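Accompanying notes for the structure given below.
Per-chain residue numbering starts at 1, and chain names A, B, C, D, E and F are given in the order in which the chains are listed.
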Amino acid sequence: MEIVMSIIAGVLFMGGTYLVLSKNMIRIIIGTAIISHGAHVLLLTMAGLKSGAPPLLGLKASTYTDPLPQALILTAIVISFGVTSFFLVLGYRTYKETGTDNTEKMRGTDSYD
Amino acid sequence: MTNLIIWPVLIPLLTGILLLFAPKRVVFQRGLSTVSAAVLLVVNIFIVFTVQQQGIQTLQLGGWQPPFGIVLVTDMLAALLITAAAVVSLPILVFSIYSIGKERERFYFYAFYQFLIAGVMGAFITGDIFNLFVFFEVMLISSYILIVHGGTKKQLRESFKYVLVNVISSAFFVVGVAYLYAVTGTLNMAQLSERIGSLDTGAPILSVIAVLFLIVFGLKGALFPLYFWLPASYAAPPSPIAAIFGALLTKVGIYSIFRTYSMIFTHDTAFTHQLLGILAALTMIIGVIGAVAHQDVKKILVYNVIVAVGFVLFGVSTMTETGYMGAIFYLFHDIIIKGALFLMIGAMITVAGSTHLKEMGGLIKYHPRLGWMFFTAVMALVGVPPLSGFIGKLMLVQGGAEAGQYWIIAVMMASSLLVLYSMIRIFLKGFYGKIKLEKADQYGTTKGLLLPCAFLLTVSVLIGVGAEAVYPLAATAAETLYEPQIYIDAVLKE
Amino acid sequence: MITALHLAIIAPFLAAVFVPILYKMFPNIHTGWFVLAVPAVLFAYFLQYLPVTSNKETVMAVLDWVPSLDIHFNAYVDGLGLLFALLITGIGILVVLYSIYYLSKKTEALHTFYTFLLMFMGAMLGVVLSDNMMVLYMFWEITSLSSFLLIAYWYEREKSLYGALKSMLITVLGGFSMLVGFVLLYSITGTFSIQETIALSSEVVSHELFLPAMLTILLGAFTKSAQFPFHIWLPDAMEAPTPVSAYLHSATMVKAGIYLIARLSPVFAVSGEWLWLVAGFGITTLFWGSFSAVRQTDLKSILAFSTVSQLGMILSMLGVGAAALHFDNLDENLYVGATTAAIFHLINHATFKGSLFMMAGIVDHETGTRDIRRLGGLMTVMPITFTIAVIGGFSMAGLPPFNGFLSKEMFFTAMVEFTEFQLFNVDTFGILFPVLAWIASVFTFIYSMMLIFKTFTGKMQPEKLDVKPHEAPFGMLLSPIILVSLVLVFGFFPNILSYTIIEPAMASILPSLLQEGEQFYVDIYFWHGWTPELYMTLGVIGTGVLLYLGMKKWIGVYRLFPEGLSFNRLYDQTIIQGERMSEKVIGWHMTGYIKDYLLYIFSFFTAALLFTLFYKGAFVVNTENVAPISVYELILAGVLIVSVGIVMFTKSRLKAIIGLGVAGYTVALFFVIFRAPDLALTQLIIETVSVALFLLCFYHLPQISKNLESVRFQAGNFIISAAVGLTITLIGIAASSSRLFDSISGFFPEASYEEAGGKNMVNVILVDFRGFDTMLEILVLGIAAVGIFAMIKLRMAGREQL
Amino acid sequence: MIQIILILSAVLLSLAILISLFRVAKGPSMPDRVIALDMIGINLISLVAVISLIQETTAFLEVILLLGILAFIGTVAFSKFIEKGVVIERKRD
Amino acid sequence: MKSNDVILQTATNIVLFIVLMFSVFIFFNGHHEPGGGFIGGLMTSSAVVLLLLAYDLETVKRVLPFDFKIVTAAGLLTAVATGMGSFLFGEPFLSQTYDYFTFPVLGELELATALLFDIGVYLVVIGITLTIIQTIGEDR
Amino acid sequence: MSANEISSWIIGIIVLLGAVLSLISAFGIIRLPDIYTRSHAATKASTLSVMCILTGAFLFFSIVEGLYSARILLGIVFVFITAPVGGHLISRAAYHSGVSLWDASVQDELNGKKQKQPSSSARESNNG
């Protein structure tokens, strides 16, 4: 299962990277969201899968899944939510101000002079 | 076990939160943030002395013993860096009071500034790799906002790129933590160091992870093939924001490389550190190329930020105690002098109304103090004794010689010369040369802007002249990095 | 402990601080009068060391600065140091005196001028009186900087800035190189003290770093002393006010390199490379400088090239003098004489060159030009100046009875004797030395004559002059008069210097030749009999006169050296092409397109990681402890992949969002499958809220425009992204297959309830074990939200600012 | 035995999701896709329930309820977007 | 465009009640079962999102007349202050404690400072979601 | 066969029934000709399927584990309330955004009563 999940994480990264490399602002933003999914899946996978019950002591199981990565992922998910929403709004503000959603046109005249 | 070392994070954090409550009361915003920055400076200096006298300070947050809880660790390196950060944050704040404008002030500028400082402080003192990630995010999100704050076209355009690159690098950071956790099963830096140190035979996967972390931190720290985002985005925001970015943000990335490559990934130095050394040299080269290529004062300075990255990381790559000390000295110096230079450039721009050198000239006639401070700062940057850059550079050369990396020393000296060339050009064309603007034509005044610059410059001179006083601190810091066992003992053994 | 000696070094700096204040306070008094006190007092102070050094005693005043790095501000006075200290302060007095009349207190920014000048003076004293290499380096760089500032003193002139930049770049280049050399020496000896290094010189010579250390230090000395091919900065430095040229470029700064070579001779001179390099570069510079001087038309340019050439001469004598170290027996040692000559000429050069510079300044000041094509016939209007020029010029040309003649004779002696030296191929190529020396002397003779006669004789051309020339005021003439009187004094009574100054200085340069209580034999006299040297001198005069008179016929020779091949042009082109190249490099890769940047970053990411992975053999697959797979999980994996595919290839933003939602929900389902309820909950809500946010923002955003990307572009992106995905997957498999340690998480099940009072371990970790993370995480959220608010509400667009 | 039935059910449900995804990809109209998304959401609820049965754990019961709520919110948001172009109106007229 | 949303609004009113109840439940239960401040806060905000979808910004502003930026700040302050509370007892920052108390009607309950911390989290999450949505929603 | 085993068989069958229903409705989504008919499959059949499965789950936890979970019941109620509303909203959105009916439809009651005003997103929905 770890191998399958590694592949899934890889696919998510691939998809995200592909989108991020496109010129369109929306696709780039969606791409970053997918990349962060990939990172979260990978973090969960790397901790080892299905090694016990859900980490709730109320279940009275003998072994539990590693709770630490789950807490980390939760933190990471929430942070990436904050960042993604910021990025999204930044995208649309940029569009409104510069009048383009094509990153090729966002080059800036002063890249070097 | 004291709560002392949480304060560097808490002071700006609390200040920032309090500032959120009354955004429109500008006087309150200014006053509180200035006071808090001053208090922070005092506290951090106190921490330096505490660390010097009592050794590494740790704080087990929530009272949980490491590695299970998060532990804050202030060794001398961290203490020095938080102090340097506090030293620059105060004058830059004062500078921005005079130059940032009411509108930005009313829209939480100071709060974001404080949060940025909190993030930087935390990144320096945390002893947990995931907590480092979280602090990075605090710092980054504040930097995203500061870079776009005001919402001009240029800012929006550049911050889109800036955010994108950093979002990706954050994802890579999580990936790195994931791999590291899979292999070592822990997040605590001291335990990482201990566990990886205990491996007799090489663990090839750790080399891969080390390279991954180099990429992650290199992205934040603008290491050679990863620096592309930096020049335009640092040149976009107003001067005080550019100053705090130039002074601090890349330094956090550098610090992280420093920390991980001196304490954690030491199992395969033949490969990883050689790579780091090569990249550092290339960073210096590309940095000076950029600095020489531009005629825009902000850009020139921004590329010099990249050069400094190369210098410090070269020190790290030597893996010698002298090299480490050189890197520490240089890092400390660079934080302060880059802050000073960005502020002075800011004052220049205020007066000249342009960032381009061809629009400037003869500024020294009406702004002699600014001009001579700038000249001195350039000399400090280049490493002319007795100013602050010298000791760092000397020890970097010594460390490089100890490690036998002569060709990197040559690169370093050559790039120092070009740094001098690029910066003295600003002096020659901006302050010297035909007078372009008579008194009446100037776009702004330097009222209130010179004092912060003077403060930073004074600190720089004091570090250089009083190097003997700073030396034991740097030596302690380097010792801890060179002998990770000291750190491990302080964190894991009570 | 701070001693008087330290104070003497620091005094000029301290005085420099007060100069602007005095300038403001006493606007009616020329600031120079205050400044004059500094060199005067210091000169008097240093004079009292004369008896000390002539008794072969040295003074070391110890002051710790950064002892941890072995940096001590140790002042050291011996014969060599004192010689230079006296030169610096002595010439300093005259230059300041001269400048008082040269620079008008009405139009010039005197406070900056004297601040720089005093800084320079202090730095020079520091260079020659420091025992510690790092302190020496410090003062060395300060001399470069203050000379930069002095050259750029008229900062609105384009040429001043050009010359200043050039001199700074070249001398600082040398300074950096020298710093590296010092560090290399330190890594051999473990000390920065020059005297201690000299004591350890035998170790140094046998060390493998010896040669690199020597070369880098020599580079420093050569650039500072304007040795070929680094001499190009010196002529351009003539843009400085003349007092500066007289001071820096004749007597002091350029001699710092000579000082360094003399000072470090005991360390390096036993090696053959040293002998060749120092003597070789010296003689080449001597020739090239004198040869180039003849083609100049500007008085100060002639003097500049002449300085270059004279410095080369001194250096070559020092180099030849080093040959003495290859013989133990002092009595039979002929080469010591070369060192004597070097020091003697050093002093002589300061006197005649200083006076000549001042003369040029006077001419410039009184006629408004320094161009010899516009000058002529000034002899009658400026008789005193003419006399100065004659004495200085004849001395420079090496004519008796002036001091230049004496040292020139000794120089010839040294060169002739050098051919007899039987080591390091000198016997083969050594003949070049006297030949070049002789040719150079001829040229020296010619330009000296040009200097005197083209300016002062011939027809006056008042129509070419802006002002009507007249004799300079007495104050301005005073300094050069003093200097030419010294020329005469040293010419007639050279031996007043012999054992007071020259011999102690030699003892510092060649200490290993002296036993306790011995001293060098220094006796300088006019008549040596009909020696080859005398014939050489006569030849010089004869040939020189002929060539000077027939100059029009052969001056075309210089056109054979095209301007395009000169070192000056090399420097200019390096700067211009360097800038252009770097603009190209930057413009080429810093395109401003974020896509390019990401491509570089991703390429490096995959390349570096995959290389490391396989180079290190880290890729392993271990299926021992992996979790089992169910069919439905595979199907769900398929769902996830398909939904990502939908997002990737769709052209509709809504479809992309739906795809993203499906992907997010599927990820949440995987969280369920892998027993992470809290994660599943969070992921679900966040996914939903994000989708709502996307929809909300879509109101403001356009459709994804079609046909943006070409197929090739897409294919390229796909390859890169596939490589990124592959990298992540492969390392993931490798990492999960090589778990080296147990996770620390075994702690949490017990501690959660027992110590933290919660049954949901994830929540307990979030609020307690790692509550700090959570606190910061909500901080991130808070900042993001307020930031979004600020970003939307605060619009300063339209007021683009810097 | 019951495990096999449950896994079989899970497989069927996943297939249903995959098939619905086909509709998401194919369209042709946007509401079609949203319907398919809604369908996927509902199937996810079932799947979570089945997985809880397979794992014999009560840990995911919250997820079931939450998924119901969120699928609804999602559907409302999408249909409003399709209908009006704006998800949250400033003021309804 | 005018539209009749009676069905949606009626359904929302019922659903909203369930969601809010559930979010409170999930918030308090978080220490022992899946849930907690984040999820509780997010659920509450998704309830408000539903309300926004069914009605409009003005209406919701009337119902919930808060400045959500202040809510965010207050939440942050609560969380940090909880952490600093441990200074009073000379404990490290963010030390949590808990105890069991017997209440007259409710019987024995566990009270933990962690709950206070979670309230901060809860407030922040609500505050930020609604700040963002309101800000974007109002932007024209 | 113990009572427990019987009940688990019953549960199994209910769950399987739900799963099969869900698959059938998925086929409906694919096979049916236009959006309005597909919406039937999506809302009606899958609501039934999810209720079957949830009932199965409720039974399982109450009988086997002895836990009467209000959350599952609430979930059933919830799906029961929201599924029709959701279906209604989408169909309405589809109609308003101008998605055409199946050619074989016999009746369009709203025809003429409501103006078709393609909104910005409707354009999008058609070109998607």
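Methods note: contacts are C-beta pairs under 8 Å (C-beta built on N, C-alpha and C of every residue); 3 or more make two chains touch, one makes a residue touch a chain.
Not measured: the values here are computed from a predicted model.
The chains touching chain B as well as chain E are A, C. C-beta contact counts were set side by side for A-C and A-B; A-C has more.
Relative to chain A, the chain whose mean Cα position lies farthest away is C.
Closest chain to the protein centre (all Cα atoms averaged), using per-chain Cα means: B.
Here the CA centre of chain D is 9 Å from the CA centre of chain F. The mean-CA centres of chain C and chain D are about 70 angstrom from one another, to the nearest whole unit. Chain centres here are Cα means. That of chain A falls 25 Å from that of chain E. If each chain is reduced to the centroid of its CA atoms, chain B and chain C end up 26 Å from each other. Residues of chain B in contact with at least two other chains: 13, 20, 61-62, 130, 134, 137, 141, 144-145, 148, 151, 153-154, 160-161, 164, 168, 172, 175, 178-179, 181-182, 187, 232, 293-294. In chain E, the residues touching two or more other chains are 1, 3, 8, 15, 18, 22, 26, 32-35, 38, 43, 46, 49, 53, 69, 72-73, 76, 80, 93-94, 96, 128, 132-133, 135-137. For chain C, the set of residues touching two or more other chains reads 583, 586-587, 590, 592, 594, 598, 652-655, 673, 675, 677-678, 681-682, 685-686, 688-689, 692-693, 696-698, 700, 728, 732, 735-736, 739, 743-745, 748, 759-760, 762, 766, 768-774, 777-788, 791-793, 797. For chain F in complex with chain E, the residues that touch the partner chain are 74, 77-78, 81-82, 85, 88-89, 96, 117, 119. Those residues of chain D whose C-beta lies close enough to touch chain C in the complex are 7, 10-11, 13-15, 17-18, 21, 24-25, 27, 30, 33-34, 37, 40-41, 44, 47-48, 51, 55, 57, 59-60, 62-63, 66-67, 70, 73-74, 77-78, 81-82, 85-88.
By the touch rule above, chain C contacts chain B in their complex via residues 64-69, 71, 134-135, 137-138, 141-142, 145, 152, 155-156, 158, 161, 164-165, 168-169, 172-173, 176-177, 179-180, 183-184, 186-187, 212, 578-579, 582-583, 585-587, 589-590, 592, 594, 596-598, 600-601, 604-605, 608-609, 612-613, 616-618, 620, 728, 731-732, 734-736, 738-745, 747-748, 751, 768-773, 776-777, 779-780, 782-784, 786-787, 790-791, 793-797, 799-802. Chain contact summary for the complex, chain B toward chain A: residues 130, 133-134, 137, 140-141, 144-145, 148, 151, 153-154, 156-161, 163-164, 167-168, 170-172, 174-175, 177-179, 181-182, 187, 232, 235, 293-296, 299, 356.
Contact residues of chain E toward chain D in the complex are 1-3, 8, 15, 18-19, 22, 26, 33-35, 43, 46, 49-50, 52-59, 133, 137-138, 140.
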